[in-house]
Each structure stands twice: as structure tokens, then as C-alpha cells.
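For clarity, chains are labelled A, B, C and D in written order, and residue numbers in each chain start from 1.
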Amino acid sequence: MLRLGLQTAAVLVVAVLLILVAGANPVEAGYYFVYGIFGNLNGFAEIMVKATPLIFVGLGVSVAFSTGFFNIGGEGQLYMGALVSAMIALWLPAPGFVRVILSVAASFVAGGIWAFIPAFLKNRMGISETVNTIMFNYIATMILGIAIRGFLQDPSDNLPQSARIGVEASLPALLPPTRLHLGFVIAVACALLLWFIMRRTTLGFELRISGSNRRSAFCTGIPVQRSLLLAAVISGGLAGMAGMSELLGVQRRLLENLSGGNGYTAILVALLARNHPLAVVAVSIGFAALQVGANTMQRQMGIPASIVSILTGFIVVMILSKEFVRIYREHKRQKVSVEQV
Amino acid sequence: ACGGSGSGGSASGSGSSGSAGAGEYDAKVALCLVSPANDGAWSSYAYNAVMAAKELYNIDVKYTENVKPTDMEAVFTDYAAQGFDLIIGHSFSFGDAALAVAERYPDVSFAIIDGTVEADNVASYNLKTQESGYIQGVLAAAMSKTGKIGAVAGVEGPAIIKVAEAYKVGARAQNPDIEVMTAYTGSFDDAAKSKEAAQAMIDKGADIIMGGANQSNAGMIKACEEAGVYCMGELDQQSLAPQNVLLCNLSDIENLVAVAVKEVVEGTFSGGIHEYGYADNVLSLTDYGELDGEVPQEVKDLVTETMEKIKSGEIEVPRIEQITND
Amino acid sequence: MSEFLTIGFLTTFLSAAVRTAMPLMCAAIGEDVSEKAGIINVGIEAVMIGGAFFGFAGAYLTDSLLIGFLCGMLGGLLFSMLHAFLSIYMRQDQNVAGVALNLLATGITSYLFMLLVNAYGIPQIPTLSSIPIPGLCRIPLIGEALFNKDIVTYIVFLLIVAMIFFFRRTVWGMSLCSIGENPRAADTVGLPVYRIQYAAAAFNGIMGGLGGAYLLLGQLGVFYENITAGRGYIALAVVVFGKRNPLGIFLASLFFGAADALQFRMQALGITLPTQLFTGLPYLLTALSLLIVAKRNSDPAALGKPYIRTSR
Amino acid sequence: MELLKMKGITKEFPGVIANADVDLTVEEGQIHALLGENGAGKTTLMNILFGLYQADRGEIFWKGEPVRFRTPGEAILHGIGMVHQHFMLVRNMTVLQNIVLGLKPEGYPFLDTKKIAAQLSEVSQRYGLIVDVNKKIEQLSVGEQQRVEILKALYRNAKLLVLDEPTAVLTPQETRELFAILRSLKADGHSIILISHHLAEIMEVSDRITVLRDGRNVATVETGACTESQLSQMMIGRELHTDTVERTAMEPGEATLSIRGLSLSGSRGTPLLDGIDLEVRRGEIVGVAGVDGNGQGYLAETICGIRRQSGGSILYQGKDIAKSGIRERFRMGISYIPDDRHRDGLVLDADVKDNLLLRSYYAAPNAKHGIFQRRQIESSTAAAMEKYDVRAPGLSARVGNLSGGNQQKIILAREIGVEPQLLIAMQPTRGLDIGASEYVHEQLIACRNSGKSVLLISTDLEEIMKMSDRIAVIFSGKIMGVLKNTPDLSVETIGLLMGGHKLEEVRA
């Protein structure tokens, strides 16, 4: 409790310093930060909107992490999911809701495949996924770039973006005029489902055990290869659904930079949530609130966007160092006991 | 020239709370940017323009930098709800957000720079930048001794492509045998790539290069400086290498943003797609700076003449938004 | 197409490849040493941007390239040591620490740059000039690429040679490797595991910082947000592709440099493919190259695992 | 003369007091045995001596001087060498590199391989520690690796050598060689601390014995002045009842397992198993004796389906099971106790319940339609824990935190609890204390007595001779011979087979 208090104080002090040095009034900034979050319905809904992709990718990352697959490829999987959703939503001659449902499924498959490849290479050939998933992010960005300048480009102009997806093939808004959309509900449902799968089903058992000790799992007859690949597919699939949700729920048009770094932020979400699906939801909402508050601050006062990155990074560093006192004591105790010897 | 975002705090005016009454000002203007306000190019133009307008008129100005595509609608909604009179989206990608929010806030004016959207209260303010590409092509072709010139562009998008393509057209109009090399680095950030692309052209014999990659032009200019060849940049990039940068497209976008602000303040704003070029005095070029003595008088005359022809409509510069391969 | 095979083309192409490879080479050599000690830093991009910014600021404020380079290395060191603290002292997941570092470094450098710009306007610095080595620089084809470069390039070349020797012939190189393979074994023979890990991370910071600083002080002369543009991630791939040995890393970074150099040379020749394909090419090659080297996995056995002496 | 004196050493880990006020005095030129059950605190005490752990309280005197070792490096500097329970070698480095690691050898900082090799051969000749210094550790057998560890300590001029359970991984021959080495070291004035669970070994080689129980000193005695049973009584605090479960006399039934011409090739086509013929019948324990690394592991894994045979046939209850997977074979009644339980048998990060479920989590009544039946699972795993006397804080205790003995009991509960038809037990008592070993043996015999088949694979000849009805000897992937375990069967005969001699030669 004390530690939490101290850490909060430290974050506040850093925030105040950064704002002061940037030449703004910290009290006013604080006012807008809180106002942005609680001041109106719109801000509140925005938090859910921003949390949605984080929940999806965060869940994906947590599944991957708990099976020992270090998936830094959320960004690329998100893009592949968005790409496939866009193709279905724009091209498929079918009623809107059918396109939406197919998009949801297809985005899962596309993101899943994008994670499956590095996972397969890891399992079969021992290629480290850390580097490989990063490369796959760039390759996905490349494919997206080609798509929106080629076969998916909006024919009505020459902009590097797809045509706009009609309302009928979008995720319905839940609370007009805010942007809150069905994607948030789907994300929370995914979290519940994932929690159930990981804790209560034999499938989850296989995933967990295969991640903990492959060899033992294999020797006792658990289908290890299948489990690890499946975990990667689920992981990538959820990230792909984030792409679908951003596309059909928010942007309704495929364009560059759709993700805006959610694939990386989600890694921090999974870390803070300790890979627990329900905690992922809570942490994502926290991250989103931080962003929404900070954005309001920026809009009202022109406080530079970089402050948010610094603060987020700082908070994560603080959380990573939360054991500092314990470890410091451990080291110190060792030294003291040595003195006594 | 570049103010930087740090002065942002002061830009917001003094610390009145969120519901500042519009009454104190003639207008409230919000600017939304896709990159940092101090990127030294694209976003800096717009930032500088609204700050200049603030000096000129009695207006309140706020801005947001680094807006991600998925946040655009949220930012617009927020400003519109606060009763801003003009919301400027400084990239085509704000188009959808503008249309969506404009419907809910019919009293607010939306200006999209370099956009494709229009509505009663939404206007796209576009530049005929192809005209400046054309002129630079003429100049490059006239100045080149090797018969080879180049253009290094950033991300492939119509706004960039149309300049590079017009550059080819202008150069060929001047010298049908000229060889024009173009390269896209795929980034406005990666100056090292811009430098490498320019170097590749220099190695192939190019002796004058045009830049169309915003802040990363710095790399191209660096390559030209090292190789001792001429180049052309944007905004105030002449200062990066005064002995090499012949001229720059001057502050064109700054003028465009200024026009939008002016229209709103003066009550002449109208929805639609507005295009501006040299004839409107929105586009212009810098002078030759320290290289004034190096440019032959007949070349200077040629440039002036071409510009006049464009203004008068005698030359209609084509708008080519797809890369051509010849 | 025949243009590809002229001496002139190849000479300038090789020279460009070396130039483009330099920042990668610096960062990858540092990362290699760090990984040999069991510490993988996916935040090497942050280290590079730190080196780039502080190098730039240092050179700008003091008008000295030397001080600039020192500041750059110090900047890289700073970020690398934060990662080292989190992964060695705090025993956190190294990948997570790396991702956090990337976030933090982007924010910090762009914030500081904003302050610098506010104080001084748009800053610009001169860059290193080439020092041709008499005689050698005339060698056809490779003379230009290897012997007509700036001082930092020569130093890095020498460093590569020294690193080859370090790993193959010295007790130090062997000790370093033992820590990434089996830190407990190293501990039980009295090697100061943590100290060596910190030292390796420090070297990584200095080299990554040098790579970032070189990009600015050796090539560009200006700074703005995100100017390293993802080179740190490629450096990670270079380490793997280079099979974690200095010569391999030298060749691998040249390979990636060449891919980049080729891209623009092809565009200049009017060979048109979608430019996204060109910009994505290095990453595609990296992914493919990982496939190629896959058969001999060279990951140190304890890579990425925190060593805790008192646990077992 | 006193070389080392540890006084009042106390060390606490979260929740456990590993050492409580422990004293230990080692004389110069003596072999001092340290004895105690699993978890008694032997390794902890030695780790404190070696600077790996720091004592909470207590003093250490070295040659009469008070000392403090903050790191192993400092202990080494004073002349202490330690061969750890789990070897501390860098697998992909050469013997030579491992030995000089951490030192400033001749030519420092450069590695002068030739000179060092010459110095090393001098040391190794003197004590008969022969290894090829240019080989990589991963190419060495366990016995050779141990030699490297000892050489490593001696090369550092260790005055005191600590050996933590060195014989647990050795064959009788290798153990004998080791003891010869220890004696010559002793003759040279070195002192040795030896940890072992084998009382006979300790009686044979040590001069003095210190017994620990629950982290406390029980006694320090001269070896000559006590008997094995007194020692075991001190260790476990009660009388040891040996051989309570007897192998009942019974006629073995039909063959459960029948292996014909079984072969297995390695990655480069090298034969790992070569034409193995073997039969295990109902109500019989067949022991497989052999020096470690002669294919025992491959044999066990091939029978369980972990590896796929490249030739021959495995008939189980008369059916060829070549096509069956690991899980299928287990469901047909083939259970497996692996030798490396941490690697092959347990998930250390998971809890007791999950480890007990590894084999059967998917099957009714544990799960229906892929969903766990939690109540059912709770009660069945709790019962298994109870029945097999797994001492753990609860079903959700992390298995990695349990002692080796308790970890082994979890495997027994899982593999024997299902009442298999064929039990393959590989090194089932490796590293276990006497009590735990006895328990495992009882379970194996109970299995046999109820008419099941047991294939016991062990490098511990004593265990093989004690447990088996018939004994097969494996050498270099071949079965050298199968012998009935009659009272007149001599250890020498088996030893010769283990050394690669043919049965005909031995009989002749």
C-alpha cells in the first residue's frame, strides 16, 4: 500500500515536472486530465473504444506468453485481421450482418495464420520467435501498404486507403452519439471465454502444461506440438480480431497506421495483468483512461504527446521495479550477514 | 521558422477552464496534426500558419499533434462539442472524421487540407502542387549539365505522386531528352534512406535533385551537399545547405491554412473542394538565396515565364496521381 | 539491366552498402556481446535513438563531433543500463523490459528535442568527412567501399577484427560466452556473473549509441522524432543472421545494407515495383534469412533467463 | 589439524529452516562424510561454505582463521573446490575451457591451449583422472563429466574438495575408480567432504561422518565406531525396517512385453539400439543392468512410444504396438517412471494436482466434453496424495518447491496408481534417501506381486540384484545376456557383461 502510494507520487512528480518544463500549468493539466475521463459521457465511452483493441491483443499476448511463445507480432497480426475483414466487408455480395460475422471469423483466421508461421518455424526449426514476429510486423505493414495502393484502393480517388465500409457491414454503435461499439462487448466476451478455456477445460490444461515443460508434457502423451501451435493461433487470432474491431467498429476504412502501436502496448498490458484474461480487461481500461485523459490535456493545452509516452514508460518501469525494495533488502541482508560472519 | 510544440502551452491562452465562451474571440480554431508540430515540414507548416493567423486575427487557437487514424473522430468530436468554429484536419486522412462529425455539428466549419471530401460545412483545401513540381522540373532540366535529374519522394500517395509526375512533365517540356529518375523511400521519417536514394541518383550522374519527402529531405540535401550538386527542398530547407539548395517550395501549405482561417473569420467559408495554385498566390517559390549568382539570367527568366504561363492558364499542368513508368 | 554489372555501378553500390550497414553493424556487435552474456535487449531501437539524440545534442551544443559521439554513446549507455537494471537486478522479463524501453526512449528523446528546438530553433550540425587511405582506396571495386570512409567506420572495422580475436583467442571472450550458456557454472568458478552482464549491457549501450550517433553525426546532420526508423529491430535480426559471431555480423549487416542500397539503385534505374515491396524487402529478407540459418540455432542456452544466485 | 570449522551455521529460506545451528569440523587429510535424508540441509551447508548462499548466522574458520566468502570466487581463492550435485559445466565448451574458466591461466588474457593442456595432463596423470581435454562437455559421459569437475577443482589447487552426491550417477566400477582417486587425493594431503545416501560407500571410504537431520547436527562419529544401521537410525530418527515387502514366490505368467530384434537409429543413422530381444512376463521384475549411456534410456523411451523404433517389433499382450502413440500405450497399461523426473516427468511450475493429472486429465471422470469436473478431480487427487504419502502444503503447491522424494512420489502416484500392466521404472530411486528408496521398492514389488510386469532399469547394481527376478545386461545398445537372479549369481558375472563380454565367454 505504501509502495503504491509512493509510486503514484513518483509518477505525479514526474508528470508535473514534464508539464512545467514544457511551459504549461500542471494544475490546469490535471483538471483536463480528470475532466477528459469523467467529465462527459463521450470521454467515458472513448475509454472503452480505446480499450477494445488493447483487450483483444492483450488477451492474445497473454495466451502466447503463458505457453512460452513470445509474441511481439501483435501489430502485424492485427493488420492481417483488418486486411481480411476489409476484403470481406467490401467485396462479399451478402447481407451486412453476414459480412460482419464472416469478418469476425476471417480476421481470427488471418491473424492466427500470421502467428502460426513464426510459431511453426520455432517449433520445427528452433527459429527464435522474438525476432521473427517483429519481422512479420513489418511484412504485414508492407502487404497492407501494397493492398491499399492496389487491389483494395478506393476507386473514387487515389488516396492510399480502401473504400469506406457501409454502416450495414459495420459493428453497430452501442451508445450513439459516442463511438462505443459492439467490439468492446465482443472483447470482454472473449476475455471471459478465454478465462474459462484456460482454467476449466482440458484444452487450456494442454496449453498451459505444454508451455511450462514441453518435454514432460510430450513424455506423458500430451499433444504438445498441436497445443503450442494452437496457442499461437489463438494469440494471433485475437490480435486479428482487434484489427477487425478497429476496422468495422471505428475506422470503417482500411488505411496505414490503423493500429497505432497497440501491438506493442498490449505486451505491457499482458505483463501488468500477469497473463490473467480478466485482469487484461481491467488493465486495458486503465491504459485507455490514461490515454484519454492525456489526450484531453493535450487538446486543451497543447501539452506535447511525448509526455504520455514518457509517463507510460515510466509507469511500466516502476511496475517492473516494484520488487525493488524486497530485492534490495535481500542483497543487503546477504551483505549484513557476511559482516557478522 | 519552426515554432515547435513547446510553445503550445502558451498557445492555449491563459488558464480559463474548458468552457471558454466564444464571445471573447472572433473565432475559435482547432488544428489537428498527424505528426509532431515540430517536424520541420508538413505539420510545421500548418502549425506556423495558425500561429501567424493568431497574430493577425482575434482568435483562440488549440492544436493536437500525433493524432492516430482511429482517434481522429474523437478529437474532432471533442473540439466540435466545445464550440469551436473551425476545425482543421491537416491530412486527407481526417476526411471521414470530418464528414461524420460535420453532420452532428452543422454550425462548425471543417477544413481538410489536401482532402477529397466535401459537404455543406466541410471544405477540402487543396494545392495544385503539381504546378510547383512542373516549375521545378523546368528549372532542373534547364540547369542540368549531365542531362540527368532526380526526385526523391516519401510515402507514395497522390499528394506526393502528383508533384513528382509533374516534375517529369515539366522537365521533358524543357528538354525532351532529359532522363528523370524518381524514387520513393516509403517514409517521411527515414532521412538516411532519402540520402541513400539521392546518392544512388548522383552516382548515376544526376546533377540536380528535387525533394518531396518532408522532413526526411534533409538526407537528400545532405547527399547533394557532399557531392556538390544542386537540389530543391521544401519550406526553409534552404538553410540546411545554402550552397546547394537552389530554391524551395515556399510555405505553400502555410498559405492554404491561412486561407481557411481567413474565410471563417471573415464569414466567407463555403463547403466544397477548393483548389489553389500560383494564380491564387497561395503557391510560391523562394528566391535563389546565396546561389543567385550561379543561376544564369535566362534560366531565371524561364522560371518566371513558366510561372506566368501557369498563372494565366496558358500552361495547364496535368494532375497525375498514379506513378508512371517511363 | 547491364548497368548492374558496370564497374562504376558496383563500386558505388558497394560503397553505399557499407555506409548503410554501419549503424546496423555497431548496434549488432553490441547486441551480440550482450546476448552472449545472456541478456537480449529488444529495446535496442531505444538505445539507438538515445545515441542519435544525445549525440546530436552534444555535437550541436559543443560544436564538437568528438563530444557528440561521446554524448551519443553515453545516451545509449543510459538506456541500456536501464534495461540491464530491470533484467539483471530486478530479474524481469527481458523482452518486456525492452518493449517498455522503446516506449520510454521515443517519448524522452522527442520531448528533449522539443526543448532543444524551442531554445535554439532548427538545429543542424556538420558531419564527419571521409579520410581516403592512400593507395588502398584505389583498389578497384572495394577500395571505395572499405578505404574511403570516415574515421568511425575505420574504428568499427578494427573493432570487428578485435572482436573476432576476442571471441576466438581470449579468456575474456570465453568467460563471456560461458555466462550466456550457463551462468551458474560461471558463478561457481568465481566469475562475477552480474558484473560481466552489466559490462556486456554497457558495451551494448555504447555500441548502439554509437550506431545511432553515427547515423546523425556521420551521415545526416539533423535530428527529428523517430529518425532511427526501426534500424534497431533490423540489428536484432542481423545478430541472428550473422550467427552471433563478429565476422558473420559484419557480413550480415553488409547484406542488409546492400539490400537497402540496391532498392534505391533499382528505383533510380527506373525498375518499378511497388515501393512497399522495396521498403519491406529488408524485413522479408530477414525473415527468410532466419529460415536459412535456422538449422544451426546459435542461441546461448540461458539467453533471456534471469540468473538468481540464491535460487536453484 | 583442523582445516575447516563451521560453527553455528543457520540458514533460513522462506518457510524452511535449512540449517539450524550446524557445526562441522574437517581435519586435514581426512575424508569426511556428510549424511542425511533428502532436505536435511547438506547441500545448503556446502553452498554456504562455497559462497553461493550467505548464512544468516554462524562463523567459518579456515585453517584457524575466521573467513567470509561472499562469492564462490573467494572460496576458490582459499582453496575450496566443490563438485555440485548437478554439474556446473558449460556444455558447448571444451573440457579445457571449462577447467580454466574463471582463472588467469598461462598466457592470460590469451588462451594458450597447448601449454594449459600440458599442465593439465600432469595433474590428471597423477590422480588417474583421464579425459580428452579437447572434447566438448556434451560429448562426455556422466562419469567423465565428473572427472572434469574434480580436475577443475584440483587445477585450482583445492585443498578441500566437496563432492555432493557424486556416486548417484556412477556405475559400481566408476564408483570404485572415484574412490581410488579420493584415496590418492587424501594421501596427498587433501581433505574431502563427501555427501552420499549410500551407507555402504560411506563406510568404505570415509574417516569420519557427520549426520544431519532436519537441518540440525545429530552426531559426528568416527567411521570405524558405528554400524550402518546405527547411522540410518540417526538419519531418520527411527529404526529402519528393511525389506518389509518380500517378493513372494510365484511362477511368472505369459509375456506382457515381448521385444524382437528391436532397433533404433540416431540422427546420423548410428545404431542406438541394435537387435534387442527381451521378454517381461506377468508377475515378474526384469532388471536391466548396464553402465549409464548404453541405450537404457532409448529402450525405455521406445517401449513407451516417446521414440519410434526403426526396426524389429514390440509386442504388448501379443499385439504389435508400433503404430500406437504415447497416450494410447499408457491407456493400454504401459506406465513409465523416467530417470530425469524434472525433464521428463514433472512440470515444476505447475501444482501437485496438475502433475497428478498429466496422464488422465482428459478422460472421464476428470473431464466431460473437454470441461473439467472440478469436484471429482479435487477428491481423486487428494486421495492419491494421501495414498502415496506426498508431503506437500496442499494440492496447489508448486511441485518445483517439493523435495526430490516427494516429487518422485507424485510420479509414482500417477504411474502406479492407475494399476498398469507393465511398469517401466528407470532409475526410480536415483537421488532418493533410504526411506524414500525403500518406499519405491515396496511399490515396485507390490506391483509385481499382484501379477503385473515390471521392467526395472537401473545403473545401481545393488538395486537390480535386490529387486529382479531376471536380469538383462545392456551394453552398447545390445542385450549381452539375460540371467535368472538366483542366489549363486555373482556380481562379477554381471559386471563382465556390463563391460561388453559375451555371455558365452563369461560362462566359459
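By our rule, a contact is a pair of C-beta atoms (placed from the backbone, for glycine too) under 8 Å apart; a residue touches a chain by one contact, two chains touch by 3 or more.
Computed from a predicted model, the values in this text were never measured in an experiment.
Asker: Between chain pairs A-D and B-C, which one is joined by a greater number of C-beta pairs in contact?
Answerer: B-C
Asker: Just the number, please: Cα centre separation of chain A and chain D in whole Å.
Answerer: 46
Asker: From the C-alpha centre of chain B to that of chain C, how far is it in Å?
Answerer: The separation of the two C-alpha centroids amounts to 34 Å.
Asker: Could you tell me the distance, in whole angstrom, between the mean C-alpha positions of chain B and chain D?
Answerer: Each chain reduced to its C-alpha mean, chain B and chain D end up 75 Å apart.
Asker: Roughly how far is chain A from chain C, centre to centre by C-alpha average, rounded to an integer in Å?
Answerer: Those two chain centres are 28 Å apart.
Asker: Chain C: which residues touch two or more other chains?
Answerer: As it turns out, chain C has residues touching two or more other chains at 110, 114-115, 225, 276, 279, 310.
Asker: Chain D: which residues touch two or more other chains?
Answerer: Where chain D is concerned, no single residue meets two or more other chains.
Asker: Mark out which residues of chain B touch at least two other chains, giving numbers and ranges.
Answerer: Each of 5-7, 36, 156, 186 in chain B touches at least two other chains.
Asker: According to the definition already given, which pairs of chains are in contact?
Answerer: Pairs satisfying the touch definition: A-B, A-C, A-D, B-C, C-D.
Asker: Mind pulling up the chain D residues that touch chain C in the complex?
Answerer: Chain D reaches chain C through residues 50, 52-53, 71-77, 82, 84, 88-93, 97-98, 100-105, 108-111, 152.
Asker: Inside the complex, what are the residues of chain C that reach chain D?
Answerer: So the residues of chain C in touch with chain D come to 169-172, 174-175, 177-178, 181-182, 184-192, 301, 309-310.
Asker: Which residues of chain A touch chain D in the complex?
Answerer: 200-203, 205, 208-209, 212-213, 215-222, 333-335, 337-341
Asker: Note which residues of chain C are touching chain A in the complex, please.
Answerer: Within the complex, chain C touches chain A at residues 40, 42, 82, 85-86, 89-93, 95-97, 99-108, 110-111, 114-115, 225, 230, 233, 236-237, 240, 274, 276-277, 279-280, 283-284, 286-287, 290-291, 294-295, 297, 299, 310.
Asker: Can you check the complex and tell me which residues of chain C touch chain B?
Answerer: 8-9, 12-13, 16, 19-20, 23, 110, 113-115, 117-118, 121-122, 124, 127, 215, 219-222, 224-227, 229, 260-261, 264-265, 267-270, 272, 275-276, 278-279
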